[in-house]
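Per-chain residue numbering starts at 1, and chain names A, B, C and D are given in the order in which the chains are listed.
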Amino acid sequence: MRGIIKNKRKIINDPVCGFINITDDIIFDLIEHRYFQRLRRIKQLGLTYLVYPCALHTRFSHAIGAMHLMTQAIDVLRSKGHNISDEESLAVKIAILLHDIGHGPFSHALENTIIKGITHEDISEILMNKLNKEYSGKLELAIKIFKNKYHKKYLHQLVSSQLDMDRLDYLRRDSFFTGVSEGVTGTERIIKMLNVKNNELAVDYKGIYSIENFIIARRLMYWQVYLHKTVISAEYMVLKILKRAKELSKKGDKLFTTPVFSDFLYNEINKKSFEVNDTIIEKYTELDDYDIFSSIKVWTKHDDKILSMLCKNLINRVLYKIELQNNVFDEKYFVQIKNKIKKFIKVDDSLIDYFVFSDYIESNIYSPQKDKINILLKNGDILDITEASDQLNVEVLSKIIKKYFICYINFH
Amino acid sequence: MRGIIKNKRKIINDPVCGFINITDDIIFDLIEHRYFQRLRRIKQLGLTYLVYPCALHTRFSHAIGAMHLMTQAIDVLRSKGHNISDEESLAVKIAILLHDIGHGPFSHALENTIIKGITHEDISEILMNKLNKEYSGKLELAIKIFKNKYHKKYLHQLVSSQLDMDRLDYLRRDSFFTGVSEGVTGTERIIKMLNVKNNELAVDYKGIYSIENFIIARRLMYWQVYLHKTVISAEYMVLKILKRAKELSKKGDKLFTTPVFSDFLYNEINKKSFEVNDTIIEKYTELDDYDIFSSIKVWTKHDDKILSMLCKNLINRVLYKIELQNNVFDEKYFVQIKNKIKKFIKVDDSLIDYFVFSDYIESNIYSPQKDKINILLKNGDILDITEASDQLNVEVLSKIIKKYFICYINFH
Amino acid sequence: MRGIIKNKRKIINDPVCGFINITDDIIFDLIEHRYFQRLRRIKQLGLTYLVYPCALHTRFSHAIGAMHLMTQAIDVLRSKGHNISDEESLAVKIAILLHDIGHGPFSHALENTIIKGITHEDISEILMNKLNKEYSGKLELAIKIFKNKYHKKYLHQLVSSQLDMDRLDYLRRDSFFTGVSEGVTGTERIIKMLNVKNNELAVDYKGIYSIENFIIARRLMYWQVYLHKTVISAEYMVLKILKRAKELSKKGDKLFTTPVFSDFLYNEINKKSFEVNDTIIEKYTELDDYDIFSSIKVWTKHDDKILSMLCKNLINRVLYKIELQNNVFDEKYFVQIKNKIKKFIKVDDSLIDYFVFSDYIESNIYSPQKDKINILLKNGDILDITEASDQLNVEVLSKIIKKYFICYINFH
Amino acid sequence: MRGIIKNKRKIINDPVCGFINITDDIIFDLIEHRYFQRLRRIKQLGLTYLVYPCALHTRFSHAIGAMHLMTQAIDVLRSKGHNISDEESLAVKIAILLHDIGHGPFSHALENTIIKGITHEDISEILMNKLNKEYSGKLELAIKIFKNKYHKKYLHQLVSSQLDMDRLDYLRRDSFFTGVSEGVTGTERIIKMLNVKNNELAVDYKGIYSIENFIIARRLMYWQVYLHKTVISAEYMVLKILKRAKELSKKGDKLFTTPVFSDFLYNEINKKSFEVNDTIIEKYTELDDYDIFSSIKVWTKHDDKILSMLCKNLINRVLYKIELQNNVFDEKYFVQIKNKIKKFIKVDDSLIDYFVFSDYIESNIYSPQKDKINILLKNGDILDITEASDQLNVEVLSKIIKKYFICYINFH
């Protein structure tokens, strides 16, 4: 059995993209790597499935889908006369495949409570470097492109920009699994319209309406899915749970966890830890949705009333009530709700924050300051989409939208 | 065989809507009526199939699809406590079923050349009245609703408004058959969000992003399909053909046509003719795509060089070259092209217009002046979508967009 | 304008296949040719739209879709190590593109009444030869493959066999436009499983269930669509109409037709005419659905009562009543119906056949005698699908299925 | 906040079914119940996602989808004149909603190792009875129907038979999420064809081809998905893991688990335990995929080499090699493989079974002995589908298909 050369040509069935061909040995190997297999156990949309029951897809299938779109994008650019070598093509496919490799379970909640001072982007880079060593430098160019250190800037933009393959895949994929059909964005058509001008990614002029549609569909997905108020409520519940758990762990309380989760819960982990301590990064690559959720399930019976209540509520989907609006809530109104809650819950004032709190979310759909969507006119000129389109209101789109909310415990 | 009571319950297979149930005898009878069967022979999108080869769907399937959506809309409104009687429900379904019954073949070209002074809307009304007589008054209420004479205004709005079942069906249907997938508009979701306030159709607040998406998708369909420059070129070609045919007929030239088409080609038909002459309307209901197109095919061999050339070009899809832009063309540029054409074509100056011409198209996507999309806020207030949405640029959307073009004969 | 090199790279939007790339100049030219453009005016499924209202797709889109699948099939075979040269690849694509070029309008009815003694397959070959001359021999290899004269037999099988790209496309396409969703057959998966063994097309072993499914889905499409009893009734009505028209023409009666249709109606056309008379073939390439249907519309007012009645019935969709069964109808039962009809219709006995008649249809879904579907086992052996599958009942499948029917005029 | 009447009308977004309306308070309450919410944490297809990466859908969405189809089926039966009261309608919807409520995580593996002597069907019944008490008898009729004790047998058949809503939903759903598009089965069409005859569920005659297609598609899903060899390999790996864990627990070894899983691992649980010990059933309702999988993850580092090796292999997707064939494997061949394995693995002969083993799977696609699919002929007679169809080979279909396999550890 040993010594047999493994067939690394593979076809993956994906309900969103159809058949996906794995055509390079190194890509096959990366997908088989335990770092990447871990992504099978991290849901792309966290707790969104509590609102959209089928939104259970993982970062694994998203990464592979994005790589598939990358293959198509490269074909299109080559057919338009842009010279992309096989080596570059492979590198940019690796870069997109690994762009989210550093994501942890419930990233948002985790990064705000347990693992502070380092982002999943940082961790992606660390892991890519480790993989590069493991595969004797074969990821060199991919990392260069990922970090925007390669002279062909448009290759980086295919990995990370307003119109990268990441967004094109996740928008379509999230739309597919939530059932929010309006999120479908003519991905195929947009890819057919890709072009390069002045070393930057651009979109052929006649693709302008598709881009408008893409931006508006993305906006719809934001409000309908990503920032859906019940989703926010659920995410804040897991955040509060992790915060409480951390608090208790600091006091020395005993909390059931899986061993690997314990290391993160009972130690102060920061960016430095990741950089100097190789076992930290290894342990991190063992952490996934199962560690967090199986612990939360056990905590439903913890002695700490706050922790157990929140956990029970999450598991049985008794989420915080949430009120969402465009303006800051009137302080009086907030106090009024707080007082009602206090009647039911007898806790120290310092802890009331677990039962009622206010916060805001913000988001911007398109920010031309940072990064533009270039429209390539027939005369060869380049315009930003918000200038090329008479419809998209750039001031509105580039404005950071803030929504304010109050959450409070749901008695019944 | 006679005397057997016919089973008028029927299920129609529609690739867009799935199964469509025909649940009322009168609707079954109307669909079987020769006026309605004629719609099987009139393509919804005229010559668009010369650009999108599968866009061959007819006004027949559109009308039935719109009726199907109406059934769903009524269910939704009833479930929200709005009292709609069975009689009203049937009437509004009939109204939408027959809303396009007066459409002729290649309406736009026909109404500008052969049948002047009366629109297909006028003819729809005439035909509905005739059917009402034939079915002893059973269409009374449907006509009232159609003409907006019924006190429940929202029923009329379901038939004709910015958010009527007509648009909801055609947008989805045209998107489906052209393959322009971005035109898909969450029809189901929008219908679920319908409501009534102050006797007017409204959309629940949380439907706001779906409506934005609907308006932007509609805009995309305009530029990608309805006003696609090659489609315009084809439509102008049939218009020029009919104009030339009319011209020749006036001069007394003999033109092959089907008998029924001949009546329209060789006589001056206007609104009055339709009103006073019952045979005109009957003949009109026999006219369809087959009459026009089979005649055009024969005219490819007509002695008149202009007519035969245009017809040959249309049949073999050698369409006008077309240039399209946002501004009026520079007169000099137009003259320059004209002069080039004149070198090849030796015709009288009065006829050069068949070979090179300029014109404009205009369209507005949303016009709040005429008719609003009402958003129903949680507090019961009503806002126009362009006020409720911070994204839709009402000034832009309500502006009539003009695009200017030059067409000229394509030699090769 | 003249002398400009035309861009012959084109993308066609197809709702079934998505984007279709035209990548060869000769293919672009063939699609633009008037012979091929004519296919835009010939519906793939004739009168089936009287049962499935959206089944209006044409032989034009089918031919292009089949060519698209061919491109994919060649990619798959090449990726499995089969050496197919660029010249062969182009030839086999041309062959499938033109395989139906000889189809006329309502082929079945036409070939049984007006144009006898020559099939559309014969005419396809004649037209391909003409095109070959026009394009100075560029179609040589395509014709060789089409006629199975090329040594690589599997290339011919991609064009014409139990598993050719013709069937793969039409099954999927007809399923799509009728809305009979069960006809969807995993086309993509089957193509991925194609292989070649002993110079014959084969399917990899693990594709066996997909092939079973394909055969059963095809069977379903036969009974649900192609041999749907109302479709048969409509097709026999057009056949009877053309038969009557021919009869009257022979008697010297004057019948309105388009000029080109007249040539076929008033002359005896047979295989010889096509071979010796070049104008016959040219005229044939001008004949399409419009000629037949516009004539039928006029005949609704013809003096001959039989002709006008049948035509009126077809146009207004008052089709023959039809009874369909597995066995020959009892002669007595048939006579009984005949006698009922005779009471209403006073015609000579020689003409009663236009009002009541019996016939049968037959079909076989799979005939291993003629042509097998080869399954390629892992050990390299080849088995016919009916041997490889324990489910498919070869005796049943290869049996010619006969269904008997009675049609009679529908009074009401 | 208390005392507010909760809005129990809800719409659930399902990518497979579209919008699903919850129209009854009791159904809303049951869905919110912790027993039912637990189904959100049990994947419908266990480890199938290791082959089809998006097959992550849960028993939760399946149960709700099946309920949705039930609503449609009842509408169809009522429209055909079958009298179904509102009470019956609600009961049959509850019955299908709860039919899988007793499922545990990785049922097949669990029932063969940890929880012996009781099936998930038994547990479903126990839980339904508990819920019935909790809701003061409101589930009485649902349970009667579920247990086939109600006089209208066809209502039970809608819940459990060859053509129940369970199968119709799971086939379509599994097809959707795996991306095996051929599994699509014209669910809508089959439901439209449902009827009742002699108190039994039947299918209208013209639905015969849809049923053939359904059976063949189901067969395809079996071989392509449910019995896919890699899926079997993965399932046997988790089975072997649980078996080893149980073995170690009996020896008194310490194994990390969640507390609730520990109760099952360290005690002998059988049918009696469930019946006499109420805490057992309560604990069971807390067990889900998270308990099993988070424990397996920890076991990758267990001292027992066998356990840790198997767990590591599962987590990193290094599954058993598997050979599958129609016949029993030759004993010599098996011994030969065994010997090879023994060279690499030094273990006691009694434990070799964890590294190499043979077994068989069996399945029958259709078993007319147990339960027929009735076809309702036009004359009112009833025929079993295998008699009504000339295609389906009843002998083959009803035969229990056995496939034999060898699994062995994959070194590399």
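Quick note on the criterion: a residue touches a chain if its C-beta (ideal position, glycine included) is under 8 Å from a C-beta of that chain, and two chains touch if they have at least 3 such contacts.
Quick caveat: nothing in here was measured; it's all calculated off a predicted structure.
**Student:** Let me check something: if the centre of a chain is the mean of its CA atoms, which chain is farthest from chain A?
**Tutor:** C
**Student:** Using CA atom averages as chain centres, what separation in Å is found between chain A and chain D?
**Tutor:** 32
**Student:** When the C-alpha atoms of chain B and chain D are each averaged to a single point, how far apart are the two points in Å?
**Tutor:** 50
**Student:** In angstrom, rounded to a whole number, how far apart do the mean CA points of chain C and chain D lie?
**Tutor:** Centres of chain C and chain D (C-alpha means) sit 44 Å apart.
**Student:** Find every residue in chain C that makes contact with two or more other chains and list them.
**Tutor:** 18, 180, 188-189
**Student:** Chain contact topology under the given definition, line, ring, star, complete or other?
**Tutor:** The chain contacts form a complete graph, every chain touching every other.
**Student:** Spell out the residues on chain C that touch chain D in their complex, using ranges where they run on.
**Tutor:** Against chain D, the touching part of chain C is residues 180-182, 184-186, 188-189, 209-210, 212-213, 216-217, 219-220, 223-224, 390-391, 393, 396-397, 401.
**Student:** Which positions of chain A touch chain D when the two form their complex?
**Tutor:** 1-2, 6, 12-16, 18, 32, 34, 37, 40-41, 49-50, 52-54, 56-58, 60-61, 64, 176-180, 256, 258-260, 286, 288, 290-291, 293-295, 297-298, 301, 315-317, 321, 340, 410-412
**Student:** Provide the residue numbers of chain B that touch chain D in the complex, in ascending order.
**Tutor:** Within the complex, chain B contacts chain D at residues 11, 18-19, 188-189, 192.
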